[in-house]
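Each of the next two complexes has chain A plus one more chain, namely chain B in the first and chain C in the second.
Showing the complex of A and B:
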C-alpha cells in the first residue's frame, strides 16, 4: 500500500513538473508588469476636461495615433503598444488616484508623458513612483526640480526647464528691448518661480509683475492683469502661463486696445488653440514666442511632414498643432526608449536604456537631449520665433537660432547641435 | 475667480463622535475582585474589576471554541465636556467596559463561538501604560474564569490600537495575534500634530486661544473648555464665510493677522494649518478634487483651490476637539506644557507639498504671506521636565513576533495614516535586520513576515453636489473620518485574526485577496506608503 502511494505521488510530481515546464515554455521569456509577448501597456494622466484642458487634451490621442502607426508596422519587437489615458482634470489629488489605477489596476509597464508639475509632484510623493521602480518617461512639465535625479531616479523630463526658458528669454530681452518698460505675467507657483529666479539671476528687472493663481484664469481676472500692465506702462510683456490664461490675457488686452510687444512662453503659445479660444489672429501677429520645436505648419521639416501624415490617417479630423506635434514626438521617443531597452523588456532595463542611449534619440526639437547616468534632463534649449499675420510661427530673424543652457548658473550659448534625422518612415530601428 | 455662494444648508462642523460606548453596564454588585456572571440566551456575561479598579466585561457563548478577542477602546476624555461642544458636548467621564467595536460585531463573534472581553480601563485620557497592565491582568482573569480558553487575540481602535500594538510587542506569550486598527502611534508625534493644529488656528484665527500651557486644577479645566468654545467659534465663522463666498471668504472677526495678510483668502490659511500639522486634505465629504459640472468654466478653480479648503475645514473640526482635550490631559499627566514649536521651521514642514497645493494656498505669494505670519508669531515652549515625562510614556518599537494586522483609512483626520505607516516602517527595518542577521548566520530562507498592512483608500471622487452646492448630508466616504469602518470590515479583520491565531502566520495570497475583496475597501499594497507625520520626535 505504501509503495503504491509513493508510486502515485512520484507520477503526480513528474506530471506537475512536466506540465510546469510546458507551461513555462508557453510563457513570454520574462514576466514584467505590463509586458506580455504581444503587448506593452503604458499609461498617461492629463487633463481631458476642465479649464486647463484646451490643447493638453490632444496630447494623449496624438501619442496613441503614433503608437497605432507603429503597431501597424510590426510594433516594438513584435509587441503592440497600448496607451491608457486617464483624465485627472488637472487636479493633483485626482492625478494620484488615476495613477494608482494605472499602476495597480491596469498594471501599466511605465508612465509616459504625465502632465502637470503639481500633478506629478503629488503622484511621485503619494504613489511612490521611485519606490515602486515605475519608469516615468518624458514628463510634460518644465519644472527644474524634476532634474534632481536622486529624488526622481525613475523619471525623465523632455521639455527644457522653465528656468532655461527664462534664461534664454532674458538674454533676448536684454539684446532687443533694452530701455523698454517690461511687464511679466506669471503663474504663481513653481512654474513662475522657476522663471522668476532665472530672470532675476540674469539681471532682468520687470517694471510690472503680475502673478496669478493657477485655476483662476478667466476674463475677469485678466481684466486686472491688463489694468496693472497698462497702468505701469509696460511696453514689452512676458507671459509664463498655460494657454487658457494666455487666451484670457490677449483677449482682454485686445478689447482694451492695449497692445504691448508680447513675448509668450512656450507653454501657452499655440496659435491654433489661442484662436480657438477666441484670440483674434491680428493680436497674434508680431507676438514673439520661445519655441523648441519647428512650427507644426512647417512641412519642409521631415518630422512635421511625417507626423502630419500619421495624424491624417490615425487621428482623423484633429487639427495638427503644437500639442499634436508634441504628443507624436513623445510617442516617437517612447518607441526608441522601448527598443533601446531590448526585447527582454524590464523596467530597470528601460531606465538603463534612457540613461545610456537616451541622448542619441531622434526628436523633433532642435536642442540636444541631456540624458545620462547622472542626468534625467531632456531637451535643453529654445529659439525665438515670431507669429505672422496668419498666426503661424516663424523663426525670429529668418532662421532658428537655438540657444542652450542649464537650469542653474551655466551660460546661455548658441547651439551647434545637429538634430538627428527622422527615422525612415518615422519608424525607429535603434537598439 | 468667481464667487461661489452656497445654500446655507451646507454644514461641516458636525464633528463625528469619537466616543463609542457599548451596551454593557456594570451592576453595582459586580464591583468586586471576582466577576459576577449571568447566563442568558446561551451567552454567559461576566463583569468585574481588575486590581487597579478597571471595570471589565466578558462574554462567552455556550459553544465557546476557545478563542477570545480582547478589545481595547479608543480615547475618551478624562474630563466632562459641557453641552454645546460639537461632538463631545454633554460627555461625562465614563469607564464603562467595551468588549468589542460595537454590538453587531460582538453579536456576530459570539454567534461564531468566540468569546469577547474588554475593559473600560482605570482612567481615561491617554492611558496606554495603565491600560496595557490592565489588559495583561484581564487575560489571566478571563482564562481563570473560562478554562476552555486556548487562544487570545488582541484588537483595538485609535488609542486602543496603540495599546494593542504594545501588547503584541511586549507580551507575545499571551497573544496569538493582534490587530491595531486606526492606530495611534507614539504620543510625541500625535501631540505635536495636535499642538501644531491648535497653534495654527490660534495664530491665524483667534490669538486668545491658549492652545496649551493650561493652569492646574479647575482653572486649567475652564481654560481648556474655553478653548474648545473659541476653536469651534472660529471654525464656525470660517464655515459661514466659506458658504457665503468660497473664493474669497472673510477672516473671522477674532483674527488679528495684519490687513495685508487678510488680502489672502482665509481658506488658504486653513489649508496651511492642515499642511503644517499633517491633517489630510481629503475629508468625509470633500475629496480635494471634485467640482460640479454646473460650475462651468470655474470648475477647475473649485477643484484645486476650494475643495481642499473645505476638506481642511471639515478635518480640522474633527481633530481640534481631541487636540484640546488631549493637550489638557497630557499636560496634567506630565506636569506642564508639552508642545514646543520654538525651533519648528514651518516653511520646511510644507516644502514638499506647497507646490502640490499651490492654488489652494493662493500661489507662492499667498504661501509666503502665510508663512511670514507663522514666522513672526510667538511660539509655544514646553517644560523640559514635562516633555521628558511625556516621552517616557509607552512607545512602540515595531518589533513583533506574533502575526499582526494593521488597518486604517488613508484620510483619517485624527490618527492620520502616518501613525500606521510609522509602525509599518519600524517593523520593516526590524525585519530587514533580522533577515540580514539570518543570512550572516548561513540561513537561506527568509524569516516569516509577521505584519500584514492594510489600507482603506478613499474613492477617486466622492464630493456630491446639489447644483453647485456641496452636499454634506450624505454619509462620510470610505477611508475618511476617524475609525470609519463597516461591520463587514471589522468581521473581516476578526476572521484574519482567527486565521492568524490558528496558523501562526497571517493569511496571504489568493485567500487574503478574496477575503479583502469580499469585505470591500480593504487594500493590500506593499508598494503604498502613507504620508509620514510631520514630526516623530527625533
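Showing the complex of A and C:
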C-alpha cells in the first residue's frame, strides 16, 4: 500500500514537473508571417467545384498564371509569389474552415480575391480577419457592406458594389425602358438584396420579383422563375445572380419561348461560360449587361492583349474570358500593391501602401479606384454593354460610356476618367 | 453501507481523474500552436457527439444515422437563443440541450416501434432533410446561416490568449462534464437496462423493463448530447449553416463511433481524434497526388466510407474489442 501511494505521488510530481517545464520554454519570435527572403505566400478561397463554380473556378489559375509570369521575370523584389487556392464550394461554413487552414496552417501573408459575399462576411467574423491584421485584398464580391472601413479595416474591394451597379442600371432602365413592365430575379442573400435595396432607393418598381436561394439554381427552379415572370408579363428582366443561375434562367426561358429584354448583372454574365453551360448564342444576342472592363475579345485594348499573351503561355488550354481577365487583373493589382509596400514587407505596410498609393494602380477597368486612408473601395463604375450574335460583348451605343456613383445616395455621373497605361510587358515597376 | 462507501470512492476517483484530465488539457492548450488548439476544440466537439452515439447505439442498441440532424437542432437553438434573446452563453448552450432533447423525445416516440434498417433509414431521412429546412424559413438564416458569436476571452487572460484557445477551454470543459455525466448514467440502472434491451428486447420486457419507454429515453438523452455537440460546433466555427450538417457528418460520426468502440465510452476521445485527423491525412494524400484543391472535397468522405465498411466487416465492436479478445486469448495460453 505504501508502494502504491509512493508511485501515485511520483506520477503526480512527474506530471507537475513536466508541465512546469513546458511553461519555462519561451516561444520563438518570428518574422512577418508568410514572407521569407525568397517567397511571399498568398491565399484565396473560391468555389472550385459545386453548383456556383462554373466560371469562377478559373480565376485562381488565371491569377497563378500571372504570378508565374512575374516570378519568371524577377518576382517582387526578388521574392516569388505562391498562391494557395482552397475550394470552399461557395459554402460559408467551408470558407471559414479553409481560411482557418490558410491563416493557421499554411500561414499565408495575405488573402487575395476571396470570393463570395456570405462567405467573406462569415470568414471575417469567425476567423477574425481584422483582429489578426490579415490583409484581404480585392474581395471578389460587390457587397456594399464591405465598403465600411471601420468594420473591415484590413479589407479592400475591387469590384463596384451591387448597390452602385443597381443605381447605374436603374438610371439606364428609366432612360430607355420607361413604361415597360419590369421583372427581377435575384439571389436571396446579401448579394441580391444589396442590389434590390439600391433599385428601391432609385425609385425603380419591379412588377415581378423572384428571389432564389443560393445553391438551389437549376433548370427545375428556373422553370418556376420563368413562369412567374411570364405570368407577370415582364418585358424587361433584370438578373442579379451567379453565372450558373443565369444559365438556368436563360436556357429555360429560351425553351419556353419567353424572350424579354434581358439586363444581366455583371457577376453572372460572361457569354463564354453561359454558352458552355448550354445557353444558345441566339438567346444571348441583344442581352444587355453591365460591365466594368473591356470585352475579353477586344485585342485592341492593351491590357487585354497583354493578358491574352500571358494566358497563352502560362495558362495553356484555358479559353480567355471574363474570369481569366478578372483573375489576371487582380494579379496585376496584387503585384503593384506588394511592390508599393516596399522590400521590407509587412502586413501593416501592405495595408498602408493600399491606402496611400492604391488609387494610382493600373487596372483594366475603366472607372477610377477609390482607395484612400478613409476608403477601402476599389472601382466605382460601369458601362452598359450589349451582347451580339457571336456572343461577344460590345459597348451599348458603340463606345463605352462609363458612369460612376457610390453605394449611398450620391448621383450617377458620367465619368471622364482615363485609365493609367498598362505597364510595359505587363510587369509593374511601381514602388 | 459497505457498498455505498465503495460507490462514493469510485465516484471520488472518477472526479479526481476528470479534474486531472482537465488540468492536462489546460497545459497542452498553452503549449501548442493555434491551429492545434482549434483542432483540439473540434476534437472535444466530436467527443461529445460520439458520446451521444455510444449511448444510443452502443448501449440501447438503436442504430441512428441522424445524429448530425440533432446537432443541427442544437446549434440552431443555441444561435437563435443567443441572437434573439441576448442571453448569456451558457443559457444558449442550455437551450441547445433542451430543444434537441425535446426533438429527440419526439423522434424517439416515432422511432420506438422501428428497429434495425428501418430505424436507420428513418433517421437517415432526417439527417438529409432537416438541415435543408433551414433554407425554407428566413429566420433560420438560409444557406448563409446564422452567426454564433460567443465573444472574446476575458481581458484578464491577456493579449496572447486567443479566441480559439478560449473555445478550446470551453469545449474541453463541456466535453469533460458531458462524458462524466454520461459515464455515470451508463454505469447506473439506466445503462444496465439499455444493455438489456440491446441484448434481447423481448427478454428485457419479460423481465419487467418497459422497453419502448427506455428507448425513447435513450433517444432523448442522446439527442440532448448531440445538440450540445452542435452548439459547441457552432461556437467553434462561429456560424450555424446547413452546410455544416451534411450527411457526411452523420456518417463520419457513425464511423468514429464504430472505430472507437461503439459501446466503449473511453474510446470517444480516440474517435474524436480520428475524425479530426482524417481531413489532415486527406490533405497530405491530395497534395501528393496533385490537384489538391479538388481532391480535398472528396477524399475525406471517401476515407470515412472506406473505414466504415472495413470496420463493420472486421471490427464491428471497435478495434478495442478485438484487442481485448486478443489479449485474453494470449493470457489464456
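Here, the second predicted complex is superposed on the first by the 401 of 431 C-alpha atoms of A that agree within 3 Å, B and C clash if a C-alpha of one lies under 4 Å from a C-alpha of the other, contacts with A are read in each partner's own complex, and residues count from 1 in each chain.
Just so we're on the same page, a contact is a pair of C-beta atoms (placed from the backbone, for glycine too) under 8 Å apart; a residue touches a chain by one contact, two chains touch by 3 or more.
This one's a predicted model, so the numbers in the text were calculated from it and none came from an experiment.
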item	value
Joint occupancy of chain A by chain B and chain C, clash or fit	clash
First, second, both or neither for A:214, with chain B first and chain C second	both
Which of chain B and chain C A:430 touches, first, second, both or neither	neither
Chain B versus chain C as contact partner of A:189, first or second or both or neither	both
Contacts of A:126 with chain B and chain C, given as first, second, both or neither	both
Which of chain B and chain C A:235 touches, first, second, both or neither	neither
Contacts of A:94 with chain B and chain C, given as first, second, both or neither	both
Partner chain in contact with A:48 - chain B first, chain C second, else both or neither	second
Contacts of A:261 with chain B and chain C, given as first, second, both or neither	neither
Partner chain(s) touched by A:105 [first = chain B, second = chain C, both, neither]	second
Part of chain C, among the options 98-106, 188-196 or 278-286, whose backbone runs into chain B after overlay	98-106
Chain B and chain C footprints on chain A, overlapping residues	89, 91-94, 97, 100, 104, 118, 121-122, 125-126, 128, 131, 188-190, 213-216
Of all residues in chain C, those that touch chain A in their complex	20, 23-24, 27, 30-31, 33-35, 38, 135, 142-145, 147, 149, 163, 237-239, 241, 243-244, 293-294, 296-297
Chain C contact footprint on chain A (complex, rising order)	15, 19, 22-23, 48-49, 85-87, 89, 91-94, 96-97, 100, 104-105, 118, 121-122, 125-128, 131, 188-190, 213-216
In the complex with chain B, residue positions of chain A that touch it	50-52, 89-94, 97-98, 100-101, 103-104, 117-118, 121-122, 125-126, 128, 131-132, 143, 145, 187-190, 192-193, 211-216, 218, 220-221
Partner chain A, residues of chain B touching it in the complex	1-2, 281-282, 287-289, 291, 297-301, 303-305, 308, 352-353, 355-359, 362-366, 457, 460-461, 525, 527-529, 531
